[in-house]
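Pasting the structures in now, so scroll down.
Each of the two complexes below includes chain A, the first together with chain B, the second together with chain C.
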Partner chain A sequence: MTTPPGLTAAVFDDALREIRAAVGDEWVFTTPADTALYRDAYSLFWDEPEERLASAAVAPATVEQVQAVTRACNARGVPLYPISTGRNLGYGGSAPAYSGSVVLDLKRMDRVIEVDERNGSCIVEPGVSYFDMYRHLQSRGSRLWIDVPDPGWGSMIGNALDFGGGYTANPYRNHFEAHCGMEVVLADGEILRTGMGALPGAQTWQQYRYGFGPYLDGLFKQSTLGITTKMGFWLFPQPEAYFTASINLPRYDDLPMLVDTIGELENANIFNGMPGISSPVLFRGGKNPLDFPEIPEGAEMDRLARETGLPCWSARLTFYGPEQVIRAQWAYAKSRFPTASFTEHALVKLPLSPADMERIHKPSFGIPSLEMFAMGARSAHNPNPTDGHFWFSPIIPRTGEGFIAANRIIRQTCQRLDIPVLLFSPPVSSWWRAFILVMAIPVHKDPARNQHLRAAVKELIRVCADHGWGEYRTAPAFHDAVMDTYSYNNHIVRRVNERIKDALDPNGILSVGRYGVWPKRLREQGGRK
Partner chain B sequence: MRVLTLIAALAMATPATAATERPAPRPDPAKGAAVFAKWCAPCHAPGMRHPGTAALAAKYNGQLPPELERRSDLTPDMVALYVRAGISLMAPFRKTEISDPQLADLGAYLSPRPHAKGARK
Partner chain C sequence: MSHTPLLTHRRAVLKGGALGLIPALSSAPAWAAIAPGVLIDAHVIDRRVWPGALPRSDAPVLPFDGDITALWYHRLDPRWRRPGFVLGGITGADTLFVLEQLARTRHRAVVSRRPLSAGATQWVIAPAHPSIAG
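Our next item is the complex of A and B:
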């Protein structure tokens, strides 16, 4: 067993004794074989001295146990790293951001506390996975959908707290935005309820998010300030139908107008699903749609389009709603593009038929799956599987010009720095009004390759920042590097985060180092890397 | 078969992974089937849309069935090794996900038992 840095073995033993008394011996893990299960399987530091390892792990079953563990750690300065289902692969897995932390594994807190059909909402504990919630809703014949990320084994709470996203209609696919009300255990063991949860007896916890005074929930997004033990979410009433159709435009120069107009249509609620941009001419011959090539110069792209007869661009709109309404919305959308041609994809009536179930992309219908793990896995087309990957995901301007610039510069930088890419997305609109690019970079359990990758990706982060593109989320290897780029006014964002951290968690025990926020004692020791 | 020798070697090289600290109840294949359905099937159910099945189809190239439930060469130790150590893209499963007794049930479900021949698909 390792001891957290700065603590004596005796103090740590004493903390563990108190923790065992609270949660039971069986749920305190200290042997090397057990703590190894908390390694980040896709770590960029695998087997290197900097790998972030847990000193121990604790799995409470109730909020009271979470409080007891937190108090035991707070009294002795033991770093504590909460996870919900700990499947944050590509962004850190189940490992702590700071080596030597005790991982607080909340998987056993897996109760669906409430589903309110009339209000279209639920309250869940952190251990409730998308698979769990889907089964729960199915088993009670609910008419409500969840919105799921690609991997269905994650936690509704863990994913939302790390600002994850999914695929269905607009208010739901931003998982943090779709929440309403939180319960959080603070570093001193006190319980905070946000929004209307602060008013004893209120029946509106899952109806009005904002309560009274400053909106505190944002403090717990990508945060080091608390342990979330309950969260309310708004759920999507199953629509009557699903429809997607594409708008095809012939010329390179059409992209800015295309992006602007679909933005306007989306902002006016003419469609509610996630829009997608593609390029039929660049993807001709069945190329992988998740591997957007470098966009050539305009004249070259126009020449290719003329030669092949394929459009330069297409935008795919997705609609969820009553068929009648969708048809009218699509007719209006078409009227906005006089020079376009259109491709209508199937209209799917809901609930899904078994045949449709075999064809569809499940997350677009709120159905959890793990099919996305085909990416990089061994298959008939890929004899050399990776050991995992991490995500690189900058926010770029939501304009045609912005997308083209980001695509070219990031592609060229990856090539220059020898950064391999498994997936290079088109602009993604998980978040309303924003575009992100998502790249998956393969990882191998090979320190030499990983050292190269870490240095190269830090350089890529700087190149992106020089263009005004910043990552929305990143693997722990890059938390500090990305936080460094959010530097307006001498890093005031980080400095304010640090002031809040010091006030709410003066002993600096929770989620140390996560998202580049370090407690006072480690800042003073130069612990920030 | 080279692949199998490698797996066997790995299995022996791992420290005891199954529950040894306390007297474990007899592994129950029926409970193991439920563990499989919850934790393994999303990747290892029949059909090439399941990435685990597709990966094993490519790996064994017809020498072994790609579906874990159709294998006759798996042992509880091999199952425990892969669940707790992971392989390639497959990350390990923690004890809060699949506990040691559940892992033993899963091992019993996936390893061939003479009395249960034909019981599994």
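Our next item is the complex of A and C:
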């Protein structure tokens, strides 16, 4: 067993004794074999001295046990790293951001506290995965949908807190925005309930999220300030139908108008599903639609379009709702593009028939899946699968010009820095009004390759920041580098986060270093940077 | 305290030919070699990576083709919520990785693994915590 940095073995043993008394001996894990289970399978530090490893892990079953563990750690300065299910692979998994932390594994807190069919909401504990919730709803014949990420094996709470997203309608596909009400254990063991949960007897915890006074929930997004033990979510009433169709435009110069107009249509609720941008002429020949090539100059792209007869750009709109409403919405959307051609892909009536179930993209219907793992497997097309990947995901302007500029500069920078790219997405619109580029970059179990990769990606982060593009989320190896780029007014965002951290967690025990926020005692020692 | 050793006390005695393991089929891997003395309660076989002979076994053999979602959701996870149950498998490393992560949530662990040919891996997942020991 290792001891957290800065603690003596005696103090750590004393903390573990108190933790064992609270949760039971069998739920405290201290052997190397046990703690190895919490390694980040996709770590960029694999087998290097800097790899972030747990000193121990503890799996409480109740909020009272969470409070007891937190108090035991707070009294002795033991770093504590809560995880929900730890499946956030590509963004850190179950490993702590600060080596030597005790992982607080909340997988046993897996109760669906409530599903309110009339209100279209639920309350869950952090160990409830999307599959668990789907099973719960199916077994009760619910007509409510969850919105799921892909893969759907993670925790509803964990994914929302990390700002994950899905594929169905607004506002459900932004998982943090779809929450309503939180219960959080603070570093001193006190329980905070946000919104209407602060009013004893209120029956509106999952109806009005803001309560009274400053809105506190955002403090716990990508946070080091508390341990979320309950969270309410709004669920999507199953629509009558699903429809998706494409708007095709022939010329390179059409993209800014296309992006602006679909933005206007989306903001006016003419369609409610996630829009997608593609380029039929660049993806001709069956190229992977999730791997957007570098966009050529306009004259070259127009020449390719003329020669192939394929449109330069395509925007896919998705609609959820009553069929007659969808048809009217689509007719209106088409009227806004007088020079376009249109492709209608599918009208699916709900609930899904068994035949539809076999052919649809399940996450678009709120159905969790693990299928994407089978797609990355060794095959004739992929003879050398990697040891994992991490995600690089900058927020870029939601304009045609912004997308083209980001596509070219990031593609060229990756080539210059020898950063291999598994996937390079089209602009992703999981979050209303925003574009994100999502790149999967392979990691290996080879320290030399990972060292090169870490240095190169830090340079890529700087290049993106120079253009005003900032990551919304990143692997722990880059938490500090990304936080450094949010530097307006001498890093006031980080400094305010630190002030709040010092006030709410003065001993600096919770999620140390996560998202680039370090407690005072480690800032004074220079942190891990 | 370590909880990773195989916790199958109820049937930890080798019973030779009575085991639910594959006997010496010429084209199928020997289960006793990687999990001696252990009764396997079911086998999952990814036909994509192991198109060869299926285990001849009293235990159910659950074939699938690449995507483990339906098999895990309908068959494995409900069973993993109860004590006991030792699962053997021949899959690609990708599927084993997924099952290993999912098994961990149900307090189970990969207790044995052996590479076979062409990307296939033979493995055993068993209870790894006293709370679900069979």
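By our rule, the second predicted complex is superposed on the first by the 524 of 529 C-alpha atoms of A that agree within 3 Å, B and C clash if a C-alpha of one lies under 4 Å from a C-alpha of the other, contacts with A are read in each partner's own complex, and residues count from 1 in each chain.
One rule holds for everything that comes next: a contact is a pair of C-beta atoms (placed from the backbone, for glycine too) under 8 Å apart; a residue touches a chain by one contact, two chains touch by 3 or more.
Values in this document were obtained by computation on a predicted structure and should not be read as measured data.
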Request  = Would you mind checking whether chain B and chain C clash or fit side by side on chain A after the superposition?
outcome  = clash
Request  = Name the contact category of A:D418: first (chain B only), second (chain C only), both, or neither.
outcome  = neither
Request  = Classify the contacts of A:Y42 with the two partner chains as first (chain B alone), second (chain C alone), both, or neither.
outcome  = first
Request  = Using the touch definition from the top, say if A:E307 reaches chain B (first), chain C (second), both or neither.
outcome  = neither
Task = Scan A:T386 for contacts with chain B and chain C and give back first, second, both or neither.
result = first
Request  = In the overlay, work out which of chain B or chain C sits against more residues of chain A.
outcome  = B
Message = I'd like to know which partner A:S369 touches here: chain B for first, chain C for second, both or neither.
response = both
Remark   = Overlap of chain B and chain C contacts on chain A, residues 29, 33-34, 37, 41, 85, 87, 107, 127, 131, 153, 368-371, 373-374, 376-378, 385
Query = Which residues of chain A touch chain B in their complex?
reply = 27, 29, 33-34, 37-38, 41-42, 57, 59, 85-87, 89, 93-94, 105, 107-108, 127, 131, 152-153, 368-371, 373-374, 376-380, 382-383, 385-388
Query = How about chain B: which of its residues touch chain A in the complex?
reply = 15, 17, 38, 42-43, 49-52, 54-55, 57-59, 84, 86, 88-97
Inquiry  = Using the touch definition from the top, list the residues of chain C that touch chain A in their complex.
reply    = 1-4, 48, 66-69, 72-73, 77, 92-95, 97-98, 101-102, 104-105, 109, 119, 129-131
Query = Which positions of chain A touch chain C when the two form their complex?
reply = 25-26, 28-31, 33-34, 37, 41, 85, 87, 107, 127, 129, 131, 135, 153, 368-371, 373-374, 376-378, 385
